[in-house]
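Below, chain A partners chain B and then partners chain C, in two separate complexes.
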Partner chain A sequence: MTILDIRNVSIDFPTSRGVVHAVSDFSLSIPQGRRIGFIGESGSGKTTTALAAMRMLASPGYVSAGEIHLHSLGRTNVLEISDEEMRRVRLKKISYIPQGAMNSLNPVMRIENQIWDGIVAHEGAVEQAELQRRSRAVLASVGLPEHVGSLYPHELSGGMKQRVCIAIGVCLEPDLIIADEPTSALDVITQRQVMQTLRDVQGKIGAGLILIGHDMGLMAQSVDDLAVMRLGKLVEFGPVRQILENPQQAYTRELISSVPLVGGESFIQSTPEVLRGPPGPLLQFESVTKRYGALTALHPLSFTLDGEVPKIISVVGQSGSGKSTMGSLMLGFTPPTGGRVLFRGQDINRLSAAEQLGFRKDVQAVFQDPYACFNPFYRVDHALKFPFRRFGLAQSQAHVQSAMEEACHAVGLDPALVLRRYPHQLSGGQRQRLIVARALMLSPKLLIADEPVSMVDASLRATILKNIHDLKDKHGISILYITHDLATAYHVSDFVMVLYHGHVVEAGPPKDVIGAPQHPYTRLLIDSIPWPDVSRDWGAAEDGQRGLDALSDADVARPALRGTIPGFDLTVGA
Partner chain B sequence: MGIIPRDYLANRLVTLLLTVFIAATLIWIIPRLSPIDPAEIALGRMAAGAGSVANSEAILAQLRAQLGIDQPLAVQYGKYLWGVLQFDFGLSTASFPTPVSVLIANALPWTLGLMLISLIITFVIGNLLGAFMVWEHTPRLWKVVIPAAMVFTSIPPILSGLLLMWIFAAKLQWFPLTGAYGLTVEPGWTWTFAQSVLYHGFLPALSIVVVTFGFWALGMRGLMIGVQGEDYTTLAKAKGLRPRYILYKYMIRNAILPQITAFALKIGLLIAGQVLVERIFAYNGMGKLLYDAILNQDFPVIQGVSFVIILMTAVSVFLVDLVYPFIDPRIRHGS
Partner chain C sequence: MADTSDLTARQIRRMKRFDNPWRNPKLMWGASLLLGIIALGLLGRLFWNLDLVFTGSAPLKLPPVGFENLRRQEGVWDHPLGTDGSGRDMLSLLIIGAPNSLMVGVLASLIGMSVGIFLGFSAGFLKGRVDDVIRVLSDVMITIPPLLILVVFQAAYGDVSLTMMAILIACFVWQSPTRLIRAQVLSMRESGYVQMARLSGASTLHIMFREMLPNLVPYLFGSFIANVTTSIVTAVGLEVLGLGPQRVPTLGRAIYEAINSGALIQNLWWWWGIPTILLAVMFIGLLLINLGLDEVSNPRLRKL
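Presenting the complex of A and B:
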């Protein structure tokens, strides 16, 4: 039985530069209880199409043609009903689970109130005891304990907040759930937990599901049918197995092959001739620890990274594992609680002002959010020029220009197209590549890349990682790659450290650590990766938590050290 | 949440007292940097009244002794601080020998009444209008009228006061021209007196509201635009909540938070901002007291009024600090 019919829908966004056709002639029927994935790059119209069914298009977008029928309303076109009728459809008939679970809950309202107000808005006054009972039941159905109801959003972790959003989305048992990249901000273990929870409750209430995303692996593990979208058009539609195993369109094949896989074909071409630096230790940790109050973010750790042959060292782990703390210790943003961080033999927390300037030039960073890294007031070339001048590298106006152009070419951008633009005129991928270019212009010795590709489209990740890999080979820059994505760490790095609660639990060359993990925690991480292979079992919602609970203190204290590579010595413990 | 931890309370109280102490000291230092001798001003005033003054040197010395400015600075400062603790700012030089504290005690209730009422009205109206400028369900006409009304914000209060006086007091004669209450009314806790006070306070309050609501409206507009783009507002809409509920419980409830801090800061500043309004309406409040004191170079009164302004600002900031964790659960006492 069909629950929602999208017929020949076109969506336009009138702008000052003419009309943008965000979606054109899109048709799709959603049967009851079926899970349908909408996959495509950012801007392909997948979210826009789904939001049109809820009549929640961002202004000034509007449906310029077509009809959307919701069958439980008696085949009415939802585009024609009144605002008040539409309001009653939302949550009751079609619910929405948003992308940014971090900010999707009202920060000044308790969780239970945010479940109750939805119930009351559709059912009128409901007795307090009844509300209480229902919010508890729905929280329990997404695996959250009772007391969560009386907490405020900031007291929950990202995964818990996302599960609250699912609880809100299913509390009125709608016909259709639209989940917009519900797990894109979560690490693999939490992702599996949240996604499988969503599937379980969706199956229980028999609702249809539209899952919007760009991760082919997640789709393979989560949906029945897949709709591939590109530039506002439906490129291909069919059962997920058929699309994965026998894609008809070139674009679909491209999407599938762009996913880096553990053990799969490498997307990196290494140059035989690697640019060498001067010998001697570049970065050293001497029994470094970091505590925040009672919480130990990083347990004693020592390593020496030699600068002669540049290397990429990956640090992997879940959110809260201490990997970003490690990054900020290396950048000198936060001093260690114990031990010393040395750059070329000098304690970076005891540098004179002049030495600090040199240190800042030599150690550059690329952060996660390419949207937050530019001052929106300036054109992007300002962000490139400014540090170049500040560090006294600019010889003349022409020199600055040529350095910028060279850096743009190195990351595969056309300087004529990007340099004179404002940040908001560029895509996330372009911005992130500019950040890499900016770092490159200063010819640093060390680059700290903290989740550099987690916010860009899957199809662009490989390209940006190639750029970063080139920094190592062609420019002799050593790189610390901090990530929760094991597949990319597997391909780009020379050495991998797996972090859990501030402990290194497994370390060694990636082919060993990620390819054939020994530590139970690393194995849990690998098992949590959604594989773009329908036959592979992804496990259940509880597997992640069960795996974490099974980790004993002894497991954590006994790291699996899987061999060494020349130029990087690691000692775990004091 | 819950009750306020004692450590936090003590910490805030110390900050409050320290702020007041530093402010009191500055108020004492600043006039002493000026070359003007208050005794000479008082003498000059006597001379102006009597034509000439005999024994001017002796009288000057006597005045200095009376004002306490013949003593060493340290002693003066000590006496001053001791006085401040008892709200004793010495004697007014202009209305000699009335104590400053008496002048303030007479003026303060009028200003507090006028000020708090007009500030609260402005805060409510300004924030609501600011929110309506952003809300998607505001009737179109309102969206045109509200920004147009912002024009009033650019009128100086002195002009808006005169304009309101001209329209409502002189032409329409709905309200009295000046004064805080009717000349024939006996002050006291009576209904007639209260009526008279409200009747007289209406125009001054209105002139303050008209020129200051724009501050809140524009600030609120900016905050509301931010909140409107938040994911929780989108989810609230996707939950099918009623538009009015979203406006109050999701949008205004979050956008108002920084405005509350601004409200506390405004309380102190408003005495200063009200000076001209009180002057025009001959309203015997703190503003008029300060105005007259500046004209007459009446330093003790200026000191006293300044101290009251600072004290009020510091106390309201202190109160907001205590209350804030209850209105924003993300802020915790002591962290």
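Presenting the complex of A and C:
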């Protein structure tokens, strides 16, 4: 039985520069109880199509052609019913689980009140006891304990909030659930929990599911059929196994091959000619600790990174594991609570103004959010020019220009297309590459890359990581790569540290640590990676939590040190 | 990907308004009303005899052209807007008075904003003690009714100049820009581009004025205009009470004298009515500019 029938739908956005055809001639049927994935890059029209079925297109977009039929409404076209009828369809027949759960819950309302809102809006007055019973039941169905109902959103973790959003979405047992990248802001372990929860409830109430995303691995683990979209058109549609194993279109093959895997062929080609720096320790941690009040973000840690042969050191872990704190300590943005951070033998928190400038030039960073890194007031050139001049590298106006163009070419951008533009005119991928280009222009000795690719499309990740890897080989820059993505860490790094609650639990060359993990936490991280392989199952919803619960203090205190590499010495503990 | 063929010319024109948010009809109307008042002051000085502003330079209580007063005197073209009870020409009174009232408002607001920007940045940047002191001070000042203190002060002080009055009013309009800027600075200092600027070795002053301030411009403009309105209201309020500058013509002073000489009973409506209309035009102009700026800085308010 078909639940939702989208027939030849086209969606237009009129703008002053003409009509943008966001979706053209899109047809798809969603059978009951089946999970359909919409995959494509940002701007491919996947969210727009799903929102059209809920009649929630952002103004000024509108459906210019085609029909959308909802089975439970009979023969009527969803696009033609009145607003009041549509209101009754939303949540009751089609529910929508938004991307950022953090922003989707009302911060001043208890969770159960937010669930009751939907019930009351559709069923009128319902007795208090009945409401209580139903909100408890629906919270239980997404694996949340009863008391969560009486909490406020800020008291919950990201994964729990996302599960509350699922609970709200399924509380009226709709025919169809639309989930728009429900796990994009979560780390692998939480992602697995949330996705499996969503699959379980969806199976229980027998609803159809549209999962929107850009991660092929996540799709392989979560959906039955896959619709590949590009530039508003349906490129390929079929069962997920068929699409993964026998893709017909070049674009689909490209999407599949862009997913980095643990093991297998590397997408990075190493150049044997590595630019060498002067010998001697570049960065040293001397039993560095960081505490925020009662919380210890980083337990005592010492290491020495030698600068002669540039290396990429990866720091991996969940959100809250202390990996970003480590980056911030190295940049001198936060002073350590205990111990010292040394750069070329000097304590970075006791530098004179002149030394400070030199340190800034030598230690640069690439941050997670390419959207926030440019000042919206200036053209993007400002971000590249300003530090170049500030550090006294510029010889003349023409020299600045040629240096910028050269850096753009080095990261695969056409200077004519990106320079002289405002940040909002560029895509996330372009901006992130510009930030890499900025680092390149300054030729620092050390680059802190804090989740540089987690907010860009999966298909662009490999390219940006290649750019970063080139910084090491061709420009002799040592890199500290902070990430929660073990697959990329496996390929780009020379040494991996796994962080859990501020402790290093496993460390060593990536082939050992990620290829054959020994510590239970590392194993858990690796098991949580969604593989773009249908036959490799992801396990049940509670595996993740059970795995975390099983981690005893003894495990945490006993790190698995898996050997060393020349030029990097690590000591854990005081 | 875009093609213009299936849009009517009207639709395109409507949407073109989005390309340049500053071409906002509300903003333009508001600006032209205020420019009208400034033009009245400038052109009047060129084309009108301003000596008529002195007492006894014209017949008493003449009505505007086309009207009769209670003594059956008709308005004359020598005094197109009539004269007041002490023989001053209304037109020259307005030519001097209206820009004066606007000037007090703008000056008070400028001083208030400068103090606000300075304190707001200090509080947001230095945090700690400095922040506490500035925050408590501005919160306390917000709760004090300015008119009360100004009345007491001016009554004791007697005659003041326009600039002095602007400075006195400025003491009561720095709080809201301080709070606004402090809040914005606190959230902005954690933003990616400020971190990037720190990485680029930027000095604190550079971060404040080159990276943060440009992004605050829409807020500052809005706050500035709102402050001009408040300042003019306060100034006019004092003048209508008979306080403020005694020898300089202002709109509020004209209204005070009209009320004091029984203009309401004698049906000398032009004496108090025309200054009131000019004040209303000023406030409507400021309001429209404020609404327009709101739409410029918040695109969601713009309607297609």
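In this text, the second predicted complex is superposed on the first by the 574 of 574 C-alpha atoms of A that agree within 3 Å, B and C clash if a C-alpha of one lies under 4 Å from a C-alpha of the other, contacts with A are read in each partner's own complex, and residues count from 1 in each chain.
Rule of thumb we're sticking to: a residue touches a chain if its C-beta (ideal position, glycine included) is under 8 Å from a C-beta of that chain, and two chains touch if they have at least 3 such contacts.
Remember, predicted model here, so these are calculated numbers, not experimental data.
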Practice prompt. Superpose on chain A as described above, then tell me if chain B and chain C fit or clash.
Written response: clash
Discussion item. So in the superposed three-chain picture, is A:F386 touching just chain B, just chain C, both, or none of them (first/second/both/neither)?
Written reply: second
Practice prompt. Report for A:N103: first if it touches chain B alone, second if chain C alone, otherwise both or neither.
Written response: first
Fill in: First (chain B), second (chain C), both or neither touched by A:A137
neither
Discussion item. I'd like to know which partner A:I168 touches here: chain B for first, chain C for second, both or neither.
Written reply: first
Practice prompt. Mind working out whether A:A550 is in touch with chain B, chain C, both or neither, as first, second, both or neither?
Written response: neither
Worksheet item: Who does A:R87 touch here: chain B (first), chain C (second), both, or neither?
Response: first
Worksheet entry | chain B/chain C common contact set on chain A | none
Item to complete: Give every residue of chain A touching chain C within the complex, in rising order.
Response: 14-21, 59-60, 231, 331, 333, 356-357, 360-361, 364-365, 367, 369, 371-378, 383, 386-387, 390-391, 435
Fill in: Interfacial residue positions of chain A with respect to chain B in the complex
54, 56, 87-92, 95-96, 98-100, 102-109, 117-118, 121-122, 152, 154, 165, 168
Discussion item. Quick check: in the complex, which residue numbers of chain C touch chain A?
Written reply: 1-7, 11-12, 15-16, 18-19, 191-193, 195-202, 211, 214-215, 304
Practice prompt. Under the touch definition given earlier, write down the residues of chain B that touch chain A in their complex.
Written response: 230-232, 234-243, 245, 249-250, 253-254, 257, 327-330
